[in-house]
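Take a look at the structures listed below.
Here come two complexes built around chain A, the first alongside chain B, the second alongside chain C.
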Partner chain A sequence: MEQKYIPSKYMPPKYIPKSSLKAWLAKVKDDGRHIYAPVTENGKTNFKRVKSVDEISMEHIQTAQSAKGAVFPRTEKLFSYAGGQQGDVALQDYNPNDIPDTVVFGLHPCDAAAFKSLSGIFSWGAKDRPFDERMKRVTLVGVSCGRSDVFCFCTSVGGHPGSAEGSDILLTAVGNDGYLVEIITDRGQALVEKGADLFEAAAAGVSKEEHLASVPVRFSVEEVQRKMAGSFEDDIWKKQSARCIGCGACAFVCPACACFDIQENAKGNGAGDRIRCWDSCGFSLFTLHTSGHNPRSVQSQRWRQRLLHKLCYMPDRLSVRGCTGCGRCSRACPVDMNLAEHLKEFERLKV
Partner chain B sequence: MADNIYLPYLATIEKITQEAPGVKTFRLKFKDEEVARSFEFKAGQFGEYSAFGEGECTFCIASSPTRKGYIECTFREAGKVTSALARLEEGQTMGFRGPYGNTFPMDEWKGKSLLFIAGGIALPPMRCVIWNALDTRSSYKDINILYGAKSVADLVYKHELKEWEERTDVNLLTTVDPGGETPEWKGQVGFVPAVLEKMNPASENTIAVVCGPPVMIKFTFPVLDKLGFKPENIYTTLENRMKCGVGKCGRCNVGSKYVCKDGPVFSRAQLEALPAEY
Partner chain C sequence: MNELRSKVKELLGSKEIDLFVGYEQGTRLPRPLIAASAEEADRLIFDENCTGNLAVYLTRRELAGGKKVGIAASYYAMRSISRLLDENQLREGMVKVFGLTPDGGLKLLDAIADVKQHLQEASAPSRQVEDEWVKEIEDMPPAERWKFWTGELSKCFKCYACRAACPMCYCTKCIVEVNRPQWIQPWAATMSNVEWQISRVMHMAGRCADCGACGAACPLGLPVHIIAHKMAEMVRQNFGEPTEKGNVLSTFNPNDEENFIW
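Right, the complex of A and B next:
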């Protein structure tokens, strides 16, 4: 298998012993940065803001939720208003100074790559200040995958268990004692410098490939995209989504889903916040007109929108894909729909 | 606002006109002098209007870009935010962000005749274009307007209809659905597509702009076909549910086209290339 190093001016890679990793993170944290990292509670692992680096767990294959909340929170204030309508409404703009410098530690390559998908959406045309301000303040420390499960399919959508795409730093466990450290960006280098003495030169000839999970390629994504684009009226959408209950779980766990609603969080006396919150194209209300007309009135149309958006519209309009093969939607689906399987079905379609 | 696209301009409601039952026009003046002076838009564009405490909703800008110093919107009380807006009074404050979306290609239309066909509350997006054309009258040849509503009471912009009727450089035909007429009604009685067929406008060197409820559009297109209008010379607007207005929230697309960015103005030729998702 070919080496997937992203060329970086910080080549060659470094090495950090496992015993030093937490010391480095503690230094990063003492700098006032917030650290979001995988934490296991009640058998579930999720990204949480850690108070102590001892809380971090690294045993999971995939967190239930992705790390996208670091730049696209579940709910976020866009601005505040006060004064009611009586001619003296005052608006208070979004204040980026409230956003802390943040490190997302321990996200897998599929999640890091999804930050590129999110950036594609939020930087299309008009600048999205809340998103941009968070992106400016976040450093992504990725960790290559040593293990995978049947739901993983990153290699089918242009990813790789050791891909550095999207990460500022990528760690790969080489053996039991330490990590190979690829520094990709200036931001990554700045973080390493917080504990420069903890890093060593990597041993000559050390390769990350043999330490990576093997994730088989399940389909040709180009072929799937080509056939999907020509299948708008095909029955396949109905067949695949016949059991979909429109719960929206897939969108909420997806690292690359960015659809949102804008709502009022009224606090009484004419004051409140304008907020945005996660939404899902799988919900019937998503596109419902006030007149009662709905352009996507049945679930198969909404399933079609989800897949076409991720695999055709986004590549076409934004030059990024909306799926990185993390497999979360399939793990979370209450009726066991499996995205990789469904995508594979398009490959077999005669178009 | 330059920085945060979600932060609206504050605007004072200068004037409220009750157009028809449940339909009002607001004239808005931006509170910030600099914004009021520099704000520009083009015919066909829309905005997100805020009733603070209730939320935002999407309306086209119903006034003409040739009329400076204010913008107008005409809206029907339909749900949560529109009802809240309808409760506001002159002198009170609301929010506006925009202008968003594409525009009617009025420059390309120069030297041609224009045929406007509107039904019901769909006159507002067209009123903007009509006044724009009338204020730059010498750029266009004949201007014909066909406007229909359910009943006489439902006709909006009654004072302007009268003005267009009296002008000699524009030909206006109004119609109401059968049963919607009053004893004094002097206009046509009948549905828009049927009246259009009777009107029999020339299609040569003419642009047709059609806005109205989906059923009106559905039955008007075949009549335009019969009259010889080519799909690329017929324009309409789409009104998919919107939230952001700037291509990010993900709900207004028809296939890979975003109504808030690629629209809301589409030629019929463009519509025919899109999946039926509107």
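Right, the complex of A and C next:
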């Protein structure tokens, strides 16, 4: 599949030698920005705030967790309060000035695209302030995929191993010595300018296509969406979810899952923090009402909600899908709920 | 394989079971398959690579409640089944257990007594890796050990896959979900993650089958099964094997020396 460059005023692409990449990132870091990048520890690679750019690892196919924590932390304080004697509560509101300028480096196109999914959710109606403030301060430096595995299916949900969608800068390793650099946004350009002398003009005619992983298209997502939307009462949900054990692994590793819970960190004497933390629609308590009624009382209903939300409700209402084909849910699932395989089954339904 | 498939089809056909909890080939490894029809039974596999503990499905009411269930059980799954029966979570006659003989043959265990006898006769699969891990951790000075565990558990994001994968975690309301009072802070943070794992494992005292499903389920690869393994060892040393009369968590003995309180 031919992947064109996203038109940008910063065309044509540039080139950075591998030997200069970390020098550039070191300059970005010295400028005071926090850098989140893949780091390998005990054989596992995950996004982490790096103290030194030498910690960054680029050998993985996919990190266990996505990079969404940079804009949607797993636990975040929304505000604090201190109680007085007669209801005179001192409120300390959310302070966006505490949010550092952040660079997420080394995320793959599926993860960068998922920031658009998250933005869709957190900007639906009113803008979510903590998310919005973090998004204003984050720059995404994507890296195209040269390798993929059996769980990857970005090309089936509108993505591509070389897609620049969502990234401010997209790097593609061309050969062993360096990266083609596509600058997509002003924010990306500002970051390049931190070490402008390290970038060169890309050689004429250099193409990223031959350096990208080949990810076969597994199903027609439009067809899946159409069939799924008409299958609310079908048996397929029960059949597919029979082995699901109802944990939140899929939701928590998903780059586009945005469900959260609101909790109270009460410290006594009327003081405390209001906390927002990740939640999952797969948990049985997620929709439990105070009355005791649970509108999604069984796992098949929760599985149905998860898929319909990502593949039907989000495209319908937010014009963006809630799945970018990163395959993390399938890799993380203790019982191998392979999402691409399940989605493909919808394609074959007679609706 | 064919023997299992035809036997399961026969049992489903004669309504001796309503469904069969077994394995099918997954993306990379065998995965659970809940078979309720002959067509589904034709996907069943069962060999020495099928080690996931399927006993977790036996206490899922929406799946197995009131149903007669057949199950392909690894050694540790049989241990879970035995303990679930002792805890009155399963009923004699409602479960047909299929195990593997050492040469890979199929063995049908119809009664709980047969399961218990099988557990006596068969040798437990090695826990050498876990034993070595425990030794490595115990060799650390306390400060280093604390750093190791807080380092690992700081990564936990509380997806509760460890709980969901455990056959013995069958409570309908878990302690982490009780909020009046709130015993454990439900958001992910190092100390509340440590509290969660300590609570989880404490509730396994004398009950844990030591199957390792909690650690295998962790999407972040945190070695939470090592804590359960150590607990199982300590309980065995101090209190012996659990019996059908109960386990150390659910029984009380006034003659206990209580020398573990220090």
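What we mean here is this: the second predicted complex is superposed on the first by the 347 of 351 C-alpha atoms of A that agree within 3 Å, B and C clash if a C-alpha of one lies under 4 Å from a C-alpha of the other, contacts with A are read in each partner's own complex, and residues count from 1 in each chain.
Following the convention adopted for this analysis, contacts are C-beta pairs under 8 Å (C-beta built on N, C-alpha and C of every residue); 3 or more make two chains touch, one makes a residue touch a chain.
It should be emphasised that the depicted structure is a prediction, and the values quoted were computed from it without experimental measurement.
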item	value
Which superposed partner A:Thr290 touches (first chain B, second chain C, both, neither)	first
Partner, of chain C and chain B, that touches more residues belonging to chain A	B
Which superposed partner A:Phe232 touches (first chain B, second chain C, both, neither)	first
Partner chain(s) touched by A:Val150 [first = chain B, second = chain C, both, neither]	second
Contacts of A:Val89 with chain B and chain C, given as first, second, both or neither	first
First (chain B), second (chain C), both or neither touched by A:Arg317	first
Which of chain B and chain C A:Trp124 touches, first, second, both or neither	first
First, second, both or neither for A:Asp261, with chain B first and chain C second	both
Which of chain B and chain C A:Ser330 touches, first, second, both or neither	second
Which of chain B and chain C A:Gly270 touches, first, second, both or neither	first
Common ground on chain A, meaning residues reached by chain C in one complex and by chain B in the other	261, 263
Sites on chain B touched by chain A in the complex	3-8, 10, 12, 50-56, 78-79, 82, 88, 91-95, 214, 239-241, 243-244, 246-251, 253-256, 261, 275, 277-278
Chain B-facing residues of chain A, complex	78-79, 81, 84-89, 91, 93-94, 121-122, 124-130, 232-233, 258-264, 266, 270, 272, 274, 276, 279, 281, 286-291, 293, 295-296, 301, 305, 308-309, 312-313, 316-317
In the complex with chain C, residue positions of chain A that touch it	42-44, 46, 64-65, 74-75, 150-151, 242-243, 245-249, 251-253, 261, 263, 265, 275, 277-278, 280, 283, 285, 298-299, 330-336, 338, 341
For the chain C and chain A complex, residues of the former touching the latter	26-29, 31-34, 52, 56-57, 62-63, 155, 157-161, 163-165, 177, 185-189, 213, 216-217, 219-221
